[in-house]
Amino acid sequence: MLKTNGLTKKYGAFTALNALDLEIGEGDIFCLLGANGAGKSTTINLFLNFIEPTSGNATINNLDVNEHALETKQVLSYIPENLMLYPSLTGLENLDFFCGLGGKSYSKAELETLLQQSGLQTDFIDKRVQNYSKGMRQKVGIALARAREAKVLLLDEPTSGLDPKASNEFSELLLEMKDKGVTTLMATHDLFRAKDTGTHIGIMKEGVLVEKFESKDVSFQDLERLYLKHMHN
Amino acid sequence: MDKVTKTIIRYEWASFVRNKFQLLLLAIIFLFGMYAIYYGTSVVEEQQKTIADVQIIEEDEFHQYQVSFDEELNSVDAKRKRDIASDPSYAWFRHGYHAVLPPHKYAALAIGQRDLHPYYHRLTGMSLYYQLFENEIANPVKLYVGNFDLSFVLIYLLPLLIIAFTFGLYSIEKESGVLALLRIQSISIRKIIAIRLLFYFMLITGFALLISLIGLLVSGNMFADENLLAALLWLVGVILYSAFWFGLMFLIISFFKSSAFNAICAAGCWLLFLLVIPAILNVWMTTKFPVDTIHLAELTRRTGLENENDEKERAEVLSEFLKYNPQYKGSDSLFHNNEYAKVYAAFTTLKDSHSKKDVDAYSQLISKRNQWVNQFLWINPAVNMQDAFALISKTDLNTFLNYQFALTTFHKKITSFYFEKLFWDKPITQEDYSKRPIFKMKENDQRWNMVLYSFLKIVIITFLFGIMGFKKMKKVTN
Amino acid sequence: MKTSIRIAKKEIKIALREKLVLALSCIILVLLGISLYTGAIAYQQQQEAITKAQKEKREEWLGQGDKHPHIAAHFGTFIFKPKTVLSLFDFGLDTYTGTSVYLEAHYQHQFMFRPAQDHSSMIRFGELSAALVLQILMPLLIIFLAYASFTREKERGTLRLLSSQGITLTSIAWGKIMAYFIILLVILVPFVLGILLLSYLLKTPDTITDLGIRIVLLGAAYMAYIFMFIVLSVLVSLKSSISRNALLTLLTCWILFTIIIPKTVANLGESLYPLPSMKIYKEAILKDKKDGLDGKTPRAVRMAQLEKELLTKYKVDSVQQLPFNFDGVKMQAGEEYGDKVYDVHWGRLLDLFNKQNKLGSYASLLNPYIALRNISMGFSATDLNTSVDFQKKVENYRRVFIKKMNDDMAQNSKYGEFYEYSVGLDMWKSVEDFEYNTPSIYATLKKYTLELTSLFCWTVVLILLLNYITRKTKPTNG
């Protein structure tokens, strides 16, 4: 579903991402671990076509994201570390607006159901987003991904700053999406969450993917040891 | 309209309605617009009242003359009245004719130079230039500050409204972080920006058209034949001017900089077009083509013969007069009857002939200055628009120059009417009053072409900005 | 204090790295340069032309030959309004007040030829003078310089960092204010040098009094204005949560202060106290001269009274027996009555002007721009007060000179003779040439107490407010 071939991004002399070859199958949840500046966000931004690769390419469903920018965007949804919405619109209206941009329209009841399914408290649905907590906004993001019927979910540290309960709810939602065949690429610092939620785990360091394994193959202790080993040298 | 466009517009409307600051801004500008219309119409009404007064004065004066023919000549007063009415040697410098430049109905919307130039003149057969240079009473502070008319609201305040509504179209989303979600949509950012700009263009232009329509309806009947074209052109002008500012904002937004940068840039452009460029051009013109009105001051002096009793001087004046006006040569009575009146008439006419060169040079210089400065209108749609509004409502400088020219022709008619009698020793009869000269002014038949030409300039510069913005935006990947 | 200086140094360093600030400073400097250059050229052109014309008119007066003094009184002379050297700094109302006047017996002529009449309506966009740059553009530079002074630190979190080191908001604010003030003063150095150089080069005879004090006061007023605007900008930045809001608030203030309020106030003044039209004004004067100020004592009655009085006083039966020429006395009496009538009407007109402008003075309490604009014009002697003072002095000169002619006629000519009597060069020489000096700076200061109070209060109140708010506000918001 998601694939990169020698994907490289350079900023002058600095190499943010070095010849990344990655393949993520349909329904997988791939968690990218790594220190700040390791190239996790760069990888996600390249999939989103927010930036252009220096060399190599990234494809979604075998379509090059740079050449088929609009088509690939139709199948993906994105939740950044801090999802921002229009503060003067309600959660429901934000959802309706962004769905509309994707050419999808839902009835009000359908939108409400989507938000409820994504865990948003009912009494907040019609409140303006300026009153929302970060976790609530992330939930609207999930609702949006569902509404868009996204096949691919790109997440950039979506749980950082969330309290454990909210974080847990978020993981549950991801797993639910996985069961529907959604492919997820998530950058995170949270080893526990990666092990718990992810089907695959990759560790990045200075723009290079140094480790890649299925999460069922390692215990949490091994994962932590492995991670710290890479961080220390 | 596709579904996506509808969604964008629906939510743009929602956020517009919820933004109290923007609504307040619209309300304030609307009130300013209403005040401007009120102020403009009151100025024009005042001028119309003055014109009516002036016309009554003239009617009264000539009515008295005509009545005096039917009165018994049994008192000195009655005899004097009859003399003034019938004897050309009094009548030529006593009878006052009013030339009037009535305000166009829409002068109320663009007062232009109407508060500065006199718009009526009382002319007698005496020296034209002595009577031509008149002043209208005005408070210099007020002249300096300028008129709060509708053209001011449209030219100065409308762009501010446009800037306030659009400077953050892209950048505020970027700064607040919403942009990320917009960028993953399968619709390009450029299209989103274009749709929203179009939405605000409709909204604000509609708003400006509404104020204009109120103005056009209040100050005159828009559907009257003489007003319809002017009103339509006014409305077209409003649309074009609004489009120009939207084009400029599109270009500024296409740089994808911060909202503060956009606001500063837009405010800078506003200042450049509405203050800096015209202010520089004005002083540049003044220093490049200095106008010497000091020279003309001499024309306002009342002069007469050095010594009326000097027969030689009188003869000199008359013979020089005949050189310019050979049609009176045949009059053998020239040097006999009524010589003082004739010599004085000849003297003032000669004075005009002598000063004609200076006055013409002055008018030509004014026209030349204007032509020179008009070539810069290409780079300044604001002044260009002001010019077009003044043209539409006949308050431009050209109208006043034409009016002065018409005054010259009118004065010639007056002098020949009286001099025919004076120099041929004929009395003025009651029937002659029906053949009195009447003031006429030629319409500027180039007016509409000039307005359309101004519009063309704005259209071109708008397209230029639009295309530049489009190209710039295309470079940014989505 | 020490911390403030440290902060000031940091701010200056940051400002110097901002391309926008540097570019704007350069633009303002260039504009100041252009305005001084064109101002100096215009001043020289006008001054030369006026001096030359005034000399010519004097020679014309002296060389008019022998004639009856009353004919000379009608021959009259011209006065041209001299430019003050400070007008090259602030044009003030010079473009909108008449430049020349014709002085003759019986009539008070109007000042003619307002320079604005030679322009198209573009003149209403303003003229580039150093005063315009400093009054309108300088605040904009200040806004761009200071709008983000606090908000940027809030957005980046550096404000908390500063506060955590025990630095008070008050000293941070004063450090910033100091920095901006120093930057602006440095920008103005070349300009001030330019002015000093120009005033050294343009050593023409001038009409302005207390030039030194005027320049110092102008400098002080502009410094206060600039300082006040800096404090205002920093204050708004302190109270705003994000830079964009600070910028928008300040830009709104700027447009209200410099464009919208001045225009509204001046237009409102005209609506509240409407001016008569010139025609009506002149008719009223003529009517009062004819029928008497009370409307019941026509000219003939007044003259008969005078005759009776004089006959009783000198105990003679007929005017021929009077020891002077009664015609001359009558002439002067008519003149004086005319002056009285004129004073009433002109007084009324000036009263209307004053009422209209007083509104502006009151508005200056709310709008520091109006305060500075009026003060600047006043100190540069290009305001309405100076213009009126000039007109009054010219009118007095006319009265003295006409009285001299009439008295000579009364004393030295015989009753009934006119062309037989003439005077010559000695008489003409005894009429001194007109020389004008502006009112003293103290008289000017008195006229602008409201404006001076306004500028003072704005500065003090803003400083107090800043100190109060910085003590109250916690650095944690935003």
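For clarity, chains are labelled A, B and C in written order, and residue numbers in each chain start from 1.
Convention: a contact is a pair of C-beta atoms (placed from the backbone, for glycine too) under 8 Å apart; a residue touches a chain by one contact, two chains touch by 3 or more.
Note that the coordinates shown come from a computational prediction; the quantities given were computed from them, not determined experimentally.
Asker: Which chains contact both chain A and chain B?
Answerer: In this structure, no chain contacts chain B and also chain A.
Asker: Would you mind checking which pair of chains has the most C-beta pairs in contact?
Answerer: Per chain pair, the contact count peaks at B-C.
Asker: Based only on mean CA positions, could you tell me how far chain A sits from chain B in angstrom?
Answerer: Roughly 64 Å separates the two chain centres.
Asker: Roughly how far is chain A from chain C, centre to centre by C-alpha average, rounded to an integer in Å?
Answerer: A distance of 68 Å separates the two centres.
Asker: Could you please state the distance in Å, as a whole number, between where the Cα atoms of chain B are centred and where those of chain C are centred?
Answerer: 26
Asker: Out of chain A, which residues touch more than one other chain, so two or more?
Answerer: none
Asker: What residues on chain B touch chain C, complex-wise?
Answerer: Checking each residue of chain B against chain C gives 32, 35, 39, 42, 46-47, 50, 53-54, 57, 112-113, 116-118, 120, 122, 133-148, 152, 156-157, 160, 164, 168, 172, 175, 259-261, 263-264, 267, 271, 274-276, 278-287, 290-298, 300-304, 306-309, 366, 369-370, 373, 382-383, 386-387, 390, 395-397.
Asker: For the complex, which residues does chain B have touching chain A?
Answerer: Going by the criterion above, the answer is residues 2-4, 6-8, 10-11, 14-15, 18-19, 176-178, 180-188, 192, 477-478.
Asker: Would you tell me which residues of chain A are touching chain B in their complex?
Answerer: Within the complex, chain A contacts chain B at residues 48-50, 52, 69-71, 73-74, 76-78, 80, 82-89, 93, 96-103, 105, 141, 144.
Asker: Which of the residues in chain C come into contact with chain B in the complex?
Answerer: So the residues of chain C in touch with chain B come to 20, 31, 34-35, 38-39, 41-42, 45-46, 49-50, 53, 65, 67, 71, 74-76, 78, 80, 92-93, 95-100, 102, 104, 109-129, 132, 136-137, 140, 144, 147-148, 243-244, 247-248, 251, 255, 259-260, 262-264, 266-267, 269-271, 274-281, 283, 349, 352-353, 356-357, 360, 384, 387, 419.
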